[in-house]
Amino acid sequence: MYDHFPISDRAKKMRETLLKFMDDHVYPAEKTYYEQVAEGDRWQPVPIMEELKAKGRESGLWNMFLTHEAGGYKGAGLTQLEYGTMCEIMGRSSIGSEPFNCSAPDTGNMETIFMYGTDDHKAKWLQPLLDGEIRSCFAMTEPAVASSDATNIETRIVREGDEYVINGTKWWSSGAMDPRCKIAILMGKTDPDAETHKQQSMILVPFDTPGVEVIRPLSVIGYDHAPHGHAEVKYTNVRVPVSNILLGEGRGFEIAQGRLGPGRIHHAMRSVGQAERALQMMCERGMARTAFGKRIADMGVTKHWIAESRMEIEQARLLVLHAAYMMDTVGNKVARREIAMIKVVAANLSQRVIDRAMQVHGAQGVSQDTTLAASFANARTMRLVDGPDEVHRETIAKLELKQYRN
Amino acid sequence: MYDHFPISDRAKKMRETLLKFMDDHVYPAEKTYYEQVAEGDRWQPVPIMEELKAKGRESGLWNMFLTHEAGGYKGAGLTQLEYGTMCEIMGRSSIGSEPFNCSAPDTGNMETIFMYGTDDHKAKWLQPLLDGEIRSCFAMTEPAVASSDATNIETRIVREGDEYVINGTKWWSSGAMDPRCKIAILMGKTDPDAETHKQQSMILVPFDTPGVEVIRPLSVIGYDHAPHGHAEVKYTNVRVPVSNILLGEGRGFEIAQGRLGPGRIHHAMRSVGQAERALQMMCERGMARTAFGKRIADMGVTKHWIAESRMEIEQARLLVLHAAYMMDTVGNKVARREIAMIKVVAANLSQRVIDRAMQVHGAQGVSQDTTLAASFANARTMRLVDGPDEVHRETIAKLELKQYRN
Amino acid sequence: MYDHFPISDRAKKMRETLLKFMDDHVYPAEKTYYEQVAEGDRWQPVPIMEELKAKGRESGLWNMFLTHEAGGYKGAGLTQLEYGTMCEIMGRSSIGSEPFNCSAPDTGNMETIFMYGTDDHKAKWLQPLLDGEIRSCFAMTEPAVASSDATNIETRIVREGDEYVINGTKWWSSGAMDPRCKIAILMGKTDPDAETHKQQSMILVPFDTPGVEVIRPLSVIGYDHAPHGHAEVKYTNVRVPVSNILLGEGRGFEIAQGRLGPGRIHHAMRSVGQAERALQMMCERGMARTAFGKRIADMGVTKHWIAESRMEIEQARLLVLHAAYMMDTVGNKVARREIAMIKVVAANLSQRVIDRAMQVHGAQGVSQDTTLAASFANARTMRLVDGPDEVHRETIAKLELKQYRN
Amino acid sequence: MYDHFPISDRAKKMRETLLKFMDDHVYPAEKTYYEQVAEGDRWQPVPIMEELKAKGRESGLWNMFLTHEAGGYKGAGLTQLEYGTMCEIMGRSSIGSEPFNCSAPDTGNMETIFMYGTDDHKAKWLQPLLDGEIRSCFAMTEPAVASSDATNIETRIVREGDEYVINGTKWWSSGAMDPRCKIAILMGKTDPDAETHKQQSMILVPFDTPGVEVIRPLSVIGYDHAPHGHAEVKYTNVRVPVSNILLGEGRGFEIAQGRLGPGRIHHAMRSVGQAERALQMMCERGMARTAFGKRIADMGVTKHWIAESRMEIEQARLLVLHAAYMMDTVGNKVARREIAMIKVVAANLSQRVIDRAMQVHGAQGVSQDTTLAASFANARTMRLVDGPDEVHRETIAKLELKQYRN
């Protein structure tokens, strides 16, 4: 159906493998996963996920996000477009990515170290990340400033001899609550007096460095996403060797740009996947439940919602695949309008579709008995992740108006 | 400003007292309240709430929901309209009602026992409820059926000699997780063969009766609302004396109707209050935060949202006050269209306004650092409480079309 | 139902008279009116309207907009609130206001001359306007500038001896196409160097003065609203006596402010009336028409629309009545937020409701066979009349944020 | 940018030719076209269109809708996808299709005669249609019934000897007001007792046959679309030879199905083109106009609208191209979900975008001075053409739910 998009037979085959894996292993594990998280210490690895990861490793889909060969792993060599179609499927379950070592922010962090790290960085951090033995976080957003405007960032990285000394507070460091989180990629200012886009640098901060202090977990609309979590982390006189800097001082923005495009595709396709699953649940529930002598699916408004959802999902999916295709063919920079668009479209789409599915489920829809409530909280949050929608709408409008400026 | 509505000077004065109480005691206690809930056993009374209740008792506003004199308490004698204006103010905080013993579902339950209970029921249950010593729940909704169509209800109440034997499973029994919950008002079928609206009865079930089993707490979009909670409760061969029935067999619907109108006003006005608070937070945040060199409040879309929110709030408030006025003057039955309308309008309004406020707050808006995320979950849930919106839209449409039928 | 609003028995009686008049005379005349306009010269008085006016004169409702005694007419003495309820009813038909000499812009112009004109102005222009013998226009908006920002206005009014010389181009002069249009109230700059709000003046321009040239009729989404019409008018060296100025030089803004509030109420209530009629048509059509074996009214989406429309109409009506009540009790200035809100709410409401009604009517809904298409064009246009929605949303937001500024 | 879709180099070249033709000839002719229509008899051919047609004939794009060779014209051999991209460009102007003999309903009628007509039909009607000498109409919809449910159709086609006798009333026969309209393809019932989808037949009715009476032109939201027009046509004892029937009795539905898919693509892509043009106008106006000291384009809400419009257009275009691609590769029947979706999506999209563009234009936006008002009326009407949105949403929902039925 989508075969105007260039997707290799190999990718199609991997997609089939993935679909089967989801049916055989992931969906049936969801209930147990949440039960295991709820029991005892929430902030520990979840047994059933470790089992899923073991199976994922054998599936041939382990690290499939990886484009190239790295750390002994032969990258899957998928295009953004091809990997995008995988993200949609993994995204249908909130526990669908980790079995393949394809969760955010680890994928982005691995890509970053792969592209910008030294051999030493790779040996020390990329390898165990690729092996799924450790986890990582990305330390960018700060509580005190509107971080969607990255020039606001206040964390300082100051060189003293052979070391950089880091001071600042970051929050929304996703994954940082996990006890296996061993490394942070941190963005901060090395030179506040440089020109705006040269003030920032990115640096690797081993998470056990003295002065790194996890303050607390943040919740997103009632969910803490344990054991992964979103942490507020304070950095007080944290000292790391100068060799930990990525690419060099003042190149933080450059790295951020390179990282950003693929992440958007992944997020957006996962959102499409979430919406697709919500639509499926809406239909199933509509067919199964009767009120006032009628199947809910046969009520006019339900059908209206199903049709709207289908139309919105198809459009969003085409938009994201198209953006991925453009990234593959003309690159991030030319595709920046498309990348901004999918950010806004996909998150809003999935909130709308899930909202309708909840309504069809009645009170059950907001409870812990389905995945809808957690998906809803997640979709709502995605409208803020990587900058609120409004920042991206602004970008789109500016690119549009540019054509008319004299 | 709203003085075309007949609000007595006494009610206006009480309103002033309430506003001051909120500022002096309630808002400052919010943070502590949630911290105390988070510490230790979530399902125990919260110390600061007990302090607030002590103050509430002295405020002259204790039990102000009560229309008449009962259990030694002189009812405040407020009209629905007047009490509605109080609900808006209490509703601005999720902990704003309990200090005055005005929380749902206790108010509805007290009203029900007051109106339909015997002297014995009143002495045993109404008195300690009025004193704020025990709590109660309302056992109506069932997991297995679409309970918005109350004829679906499957719980059985079967007479055996001097006792009724109750079997069934209820969920969304709000307040039933609280250890102080001592009494349930339960709806079930006494005669499945009677005509549709005569099959149901309401009965008082002491919560410590053998066979009453709290299965688990339900969460609403990630929130468990401890220590109040929403419980799934199983009733297995629960035996209560026949005298526990309210009004008599087959009169459950009648009681449900009487109870329903005021509850809608209270819910709707609390929703308006929530929306009003969210708008306030949106403005404060917009004035305080800067991005891309501009106050967020000065960005065009923020102003658009503020204006939309103000217009929607004003309209919704007028609609609810008007409905309350109609209840006071022409009664629930004539006002049933108005009561259906406020159910739909208020919940949707508050979800929209809070959604915008969250967006203006950025990532903080979904975290535990403001009240917005919890309010958002609550507003979303209100679109399902007392039947999904769609059921009420159907009622409104039917009443409209009735005028055209021949 | 709305009796919390202070409406006198006399006003209620007039309302009954008006309702009967609409049923007996106005609705039955609609078809003929449009046929007569379509025949021959569109820009001539319409015979059936002259008959309606004769009946309107006898109805006791002639000039009921008039608050005070003027030109031999005893004003009806209605409050804004009371007259507002009349506007809703007249607004249900596009030919409902003129039979009572209550059409815009004549009512506003008569009020303006009444309040700010000299005895001579009144004798010459107010009297024949009150008698319904001549028509008038309001010359404010200009094609070359964004006139919602009135400081942009470019038309010049320059004193030369005992005369003012006027040069400029105005458009959207409603009513100016009618051959009976004899007088314009024109806004222009007398002193471009004065402080912003003192640059403008209003002046009476007899429409047969040399140099006044009607360039062309403008259409609103395909409708020319003949014979009334919306004209582009060029003023070239138009000379009028200095005595024609209203209040004095530099007082144009002051007059505009005074005029604006009541006009908003009238427009908004007419919009509510239009919406109410569209809802009625939606229901009637839904009950009468069958497709796919079902009455359209019984389809879920139709019922959803009917319910939404009813909820929106009730809210908008309450908001407008409330604004009128505030104008009556605390005045335009205090009520300026309310006046801005109804401008936005009412026009958008009526566009939405009419849009749904059109959809229920199928292709007939866009044709000339019902009043819906013309109402739709009108409602859409109302979102631009007196400044686009956005200007008023900006005002509302500013008033809201003002409370938070330090 | 869209080069994942298989579009031939030849089609790309034709697209370039078309773009240039639009710039050189079509856009500059719009003003004159409407002036010429407004002068004198509206229902006569428009001189400048005849000039455009002469140029269109020479452009190599004449009849480019035609897939095959017919009537001496070598079909352009474009796929639906390729021709779809042309429709978008032609659709940017309301006079963009006719210069290439590519207007509805003539293209659909020509296709129908080409596919289902005899050699004699082709010689007599197809040839002059291909030559652009005559026009045609499609007589399907009836005033008395909900024609979106085609089984409702009441027009009778009764065989009497060698003739069929036709009686009934059709409306919305687009193009039938044009004096050059010489042939109607009419749908009616030959056998009301046959099974539902075998009752209908299609027959060719020369428009000068006695008994064919054009009753009146219909208008769409104030526009009569002269000289093309939408007619109500009465057929009284209209007699045509039996050979005029297409395919045979009872095959009307079959023909309607075959015709429908391509027409949807054309309509939808023209809607996308309209939206694209409205966005362009929104940007141009936003850059050119200043209010309250700011360019309108720099106001936050304008940018929000521009971004929304761009996102919606991109999604809709991808959806329509994808549907066209499916029609080309798997056929109408498999693609029926896609065909239903684009019907709903495209019309709603263009109404929304044009609505925003009008708002940015202020009062000028509703006047005759831009193409926006006419486009708006057209877009609103497209939500009803070929059946109201709701019918198609119903289809989409049914196809979705089908997967869940047991």
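Just so it is clear, A, B, C and D label the chains in written order, and each chain counts residues from 1 on its own.
The definition used in the following text is that a contact is a pair of C-beta atoms (placed from the backbone, for glycine too) under 8 Å apart; a residue touches a chain by one contact, two chains touch by 3 or more.
Quantities reported herein were computed from a predicted structural model and do not represent experimental measurements.
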At the interface of subunit B with subunit C, does the proportion of residue numbers present on both copies reach over half, so same, or stay under half, so different? same
Identity of the chain that, by mean CA position, is farthest from subunit D: B
What's the distance between the Cα centroids of subunit A and subunit B, rounded to whole Å? 37
So, what's the distance in Å between the C-alpha centres of subunit D and subunit A? 44
Find every residue in subunit B that makes contact with two or more other chains and list them. 299, 301-304, 390, 393
Which residues of subunit A touch subunit B once you look at their complex with the stated criterion? 141, 143, 146-149, 152, 171-172, 218-223, 289-292, 296, 299, 301, 355, 358-359, 362-369, 373-374, 376-377, 380-381, 383-385, 388-391, 393
Touching subunit B in the complex: which residues of subunit D? 299-304
Where on subunit C is subunit B touching in the complex? 1-6, 279, 283-284, 286-287, 297, 302-304, 306-308, 310-311, 314-316, 318-319, 322, 325-326, 329, 337-338, 341, 344-345, 390, 392-394, 396-398, 400-401, 403-405
